[in-house]
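Input: structures, listed below.
Each of the next two complexes has subunit A plus one more chain, namely subunit B in the first and subunit C in the second.
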Partner chain A sequence: MNELFATLYGWLKSFYAKNLDEYLLGYNCDTGVYDNPLLYGHVGWLTVGISLVVVCLYYYVLNHPRFNRWWSWVLVLIGCAGINLFVGYFYTVTDYQTGMIGDCLMFTRDTAGGIIAYHIHIADCWMFGVANALMSVLFFIIFSLALKWKSRNCKYTPF
Partner chain B sequence: MKSVYQYCLFILAGLCWLTACGGRTQRETRPADPSTTVMTPSTDSVRTDVQPVINVYLENSGSMDGYVNGVTDFERAVYDYLSLVRLATDSRMNLFYINDRIIPQGDALQDFIQQLEPASFRARGGNRGSSDISETLHTILQTFNDDQTVALFISDCIFSPGKGKDAHQYLVTQEINVRNHFATYIRHRPMSVVVYQLSSEFSGLYYNKSDNAMRFEGKRPFYIWLMGAPEYVRQLTRDIPNRIKGSGILHSFVVSSANEPVPYAIRVGSGTFELDKQNPRTTLKNLRLGTRGRDNNARFTVDADFSSLPVDENYIMDTAHYDWNLRDYTLTLQKSNISVSNFTNSLTFSAPRVSNGTLEVSLRMDFPTWIASATDSIGEAPQEDTTYGLEYLLRGVYDAFTHSDTASFAKLQITINP
Partner chain C sequence: MGKIYIFGIGGTGARVIKSLSLLLASGVTIDADEVVPVFIDPDDAAADLTRTVHILRTYNAIRERLNTRVPNGFFRTKITEFVPNFRLPLRNTRDMKFKEYMGVNRLSDANKALVHMLFSEDNLESSMQIGFKGNPNIGSVVLNQFADSPEFISFANSFQEGDRIFIISSIFGGTGASGFPLLLKTLRGGRQHANWGLISKAPIGAISVLPYFRVKPDPESSIDSATFISKTKSALAYYDRTISGTNSVDTLYYIADGDNGKAYDNCEGGAGQQNRAHFIELASALAIIDFVKTPASERTIHKEFGIEEDVHRITFRALGRQSRDLLQRPLTRFLLFAKYLNERHFDTYLAQPWAKSRKLDASFWKAGFVDDIRAVQADYIQWLDEMSGNERRFAPFETNKEKDIYEMLQGEGLPKRTRFNDYVLFDDRLNKQKRRKDATREQSFTELFQAATDDLITDKYNF
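Let's turn to the complex of A and B:
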């Protein structure tokens, strides 16, 4: 399943820096192989979980005729995407700021150790958040179609 | 309704907490599989726990008298180099004179140097009229009883065919003998040989190829040989500075058998490609032309750790010493800082179009071009910067280490898949 998440996020990896993608795939600067945890799996499961919870809340907790319009559903979808945007951002920016990302992925250094190029920026963390938001839209739609049928007031939302 | 919202907020707060903290404990790097660990100098095979035994053989044939007549660069350089060797290794150092036999001189270095005078050479005995260099080297090789022995041989390396001998035939025979002696040795034990050329004042009798003596005052080259197990020779070439008192090292010649595989890896992000997830160090795929600015080439960089090689940085940094098979790619070299990147050098391959296949790169073990110009091919009169028969001598050593296909110090193989 983790590999599936890596494949899914791979569709959107052009949104952010290549080296951030390598980090999330588990590239280890010390060994030169992918023996670090596959972080796409971690964030993928979080995003799936959040999307699933929001879908369940909408259809079975909120479950109100006042909110069974298609635009209500869209608003909830946007809200879910917004949450997952910040999930993706904070997931990566925390590692970025605490130095968890390997040096070889972050920088190119000269022989004296001085940084001559940066490969990952804060903006890449935001863009990963955007990619994660898009991924949550996909999961939200899938869970909506799969789980809405038992909802008393929203089973025909969005269609 | 209010409870519903409170319920929702509670769940969302829990999810946010999970985002911030929940996966953190799983972020720890898995312990590296030793089989995949990129070697660093700290995990290198240098046997720093066992220091080598250093045996120093100083040729004391008659032709060497001119180097020790008075205080000369020869004495300064030899004293300086032997002192540095002793400081670098803290090893036991045994001192010998050598001509047709080995004459022990104890282990007191300072006394040894102070007694470097023609009179001491004469007094220590041995057949000082003989200078059969191949036999001298054979004698030294026979003293290697184990992998912990390192031999330093100091000589003018001049062949002396003698009167009435066919000099050319003599040199060819010597070359073959030298080759056979070393080839026989390295069949059983790995070895590196480093030969340094230095220069010194010379004041005394020079013996030409016919053993005719003639007085000479001026500069003459001499040589310090370093022979032993590759890891000890590497330790000495790495830890001892190239700048030795006196003339310093003018040129060097290096050969080595059984070189350890060199650690290397494709540098992530060094071009537009993807690393193969199964073999990311050696295999890349989907290499494409660059799209940044004027960089329209397909390129990638391979980082390598050449610290285990006995050759110096100048040799490694010369692209003329490299062979590679995919000639669409051009090679550029850069130094790296091993304390920063775990590697000593980077090799960047660049091509105007993508060529897939297996890129095989080798750092050749070349026969240095300086040797031909440092060889006196006539042997009648002393020259300031040439040595009679030098090329035959070092060619014999070189052939012993490279008798099969083109020998190399290091080989790298990179697979480029579509």
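Let's turn to the complex of A and C:
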């Protein structure tokens, strides 16, 4: 399943730095292979979980006859995507700021150890957040189609 | 169960049958396979009659598209149009004075003298186009003809074992007071008719409506409320001898109300005679429902109607337990249904699952079926409003649009709290209902509202 998440996020890896993608794939600067945990799996499960909870809240808790038009569903979807944007951002920016991302992925250094170039920026964390938001849209749609039928008031939302 | 033939004589007959048809539309049950209303009224243009026939016709147009299997369902009972326009036609009454009908000019002098002894000059000069204008002596001559009409013979031919007959008439007017004994005489003693054996022994019930309204004094009119009581007394004495005394009917209902403060416009008949609906007419319709459950009797049973408390404004709480159980749920249910359809546009519910799952799309709402239901519901609301504005008032509902719809029921306390309110709750309960797959859209639609309004009543009220 973690590999599936890696594949799915791989579709959107052009949004952010290649080295951030490598970090999330589990690249280890010390060993030079991908033997760190596959972080796409972590963030993927988190996004799936959040999307599932939001879908369930919409279809089974809110379950409101006045909020069963397509635009209500779109608003909830946007809200869900917004939450996951921040989840993606904070997930990566925390590692970025605490130095969890391997040095070889973060910088290019000269022989004296001075930083010549930065490979990952805060903007990449935001862009990963955007990618995560788009991924959550996919999960939200899948869960909506799967779960809407048992909803009393929203079974035909969005269509 | 068999058919119940209901003869509605005169304006009161028409108004009682109107009440009955609206009760049946709301789902009040009657223990009969079919209801067969037949009006006897010489007044072709009587507005009350025209209005009732229109309701019956619309009811049938709706029911033709239903195959109602739900107990207590809206429009569940079949109403049969046995004669065209539900009317037993009276011949030679149009554009004719009573003396012409009698052929007074062709009579011998001795017979002319007899006629002048029995009928006043006003009686003889009276036009019969708008009824007998409170003169039972005219009615007792003219109404003799219906026994030989093809329509009456056809009724006799169709009468079957198990069928019943009910006669509605007022005692203080002209048509009803004279028509009831004549019709009864024909039914019990018309040996020339087919099925006479069956009809003469069939259970026959009747309601004789005593004065329950008055009309404004008008010197130009031949109708005078001051004569209602004296006419009633003499008719009652006659009924006592010829009807109760001979056990001609199985059950005889009497109903009256002295609390009749508001006077109606004094109109002798025709399109202007459109009285406001009155609770007495509703209670009289209950007599029919009671009669079909009452076993046949060797001796005439006499029944009256009463309410629990002598209040000026009647709510369901003021009714006796039996009447309340019969009326409260169906009337409330049908009003909820009516308010939903009348106060909201179909655009607002096309997106609701209850409409989508049953394919109740724009084509359905525009096909005429819902318009017919709305038409009956408009009559129903008008009927309730008229009874609510009359005296004594029957006002179990307050239909103020500003309030939450569930606050409409009066005298029952505040409705129970629920997660949703107003039409949101209504849509929620509509969406809750399961769809029957083999039902037509029309069937599905009425069953849906039946079930949802039932749920709403259970959820919001304590009955």
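Keep this in mind: the second predicted complex is superposed on the first by the 159 of 159 C-alpha atoms of A that agree within 3 Å, B and C clash if a C-alpha of one lies under 4 Å from a C-alpha of the other, contacts with A are read in each partner's own complex, and residues count from 1 in each chain.
Here is the rule we use: a contact is a pair of C-beta atoms (placed from the backbone, for glycine too) under 8 Å apart; a residue touches a chain by one contact, two chains touch by 3 or more.
Owing to the predicted nature of the structure, the values given are computational and were not obtained by experimental measurement.
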item: Overlay on subunit A: subunit C relative to subunit B, clash or fit; value: fit
item: Partner chain(s) touched by A:K155 [first = subunit B, second = subunit C, both, neither]; value: second
item: First (subunit B), second (subunit C), both or neither touched by A:L57; value: first
item: Partner chain in contact with A:M100 - subunit B first, subunit C second, else both or neither; value: first
item: Included angle at subunit A between vectors to subunit C and subunit B, based on C-alpha centres and rounded to the nearest 10 degrees; value: 170
item: Partner chain(s) touched by A:N68 [first = subunit B, second = subunit C, both, neither]; value: second
item: Of subunit B and subunit C, the chain that contacts the larger number of subunit A residues; value: B
item: Least C-alpha distance (whole Å) that remains between subunit C and subunit B when both complexes are overlaid; value: 7
item: Residues of subunit A at both interfaces, subunit B in one complex, subunit C in the other; value: none
item: Subunit C-touching residues of subunit A, taken from the complex the two chains share; value: 64-66, 68-69, 152-156
item: Residues on subunit B engaged by subunit A in the complex (per definition of touch); value: 4, 7-8, 11-12, 15-16, 18-20, 22-23, 26-30, 32-33, 36-38, 265-269, 275, 277, 280-281, 335-337, 339-342
item: Subunit A to subunit B touching residues, read off their complex; value: 18-19, 22, 25, 27-37, 39, 42-43, 46, 49-50, 53, 57, 61-62, 83, 86-87, 90-91, 94-95, 100, 104-105, 109-113, 119
item: Subunit A partner contacts - residues on subunit C that touch it in the complex; value: 351-353, 356-357, 420, 424, 427-428, 431-432
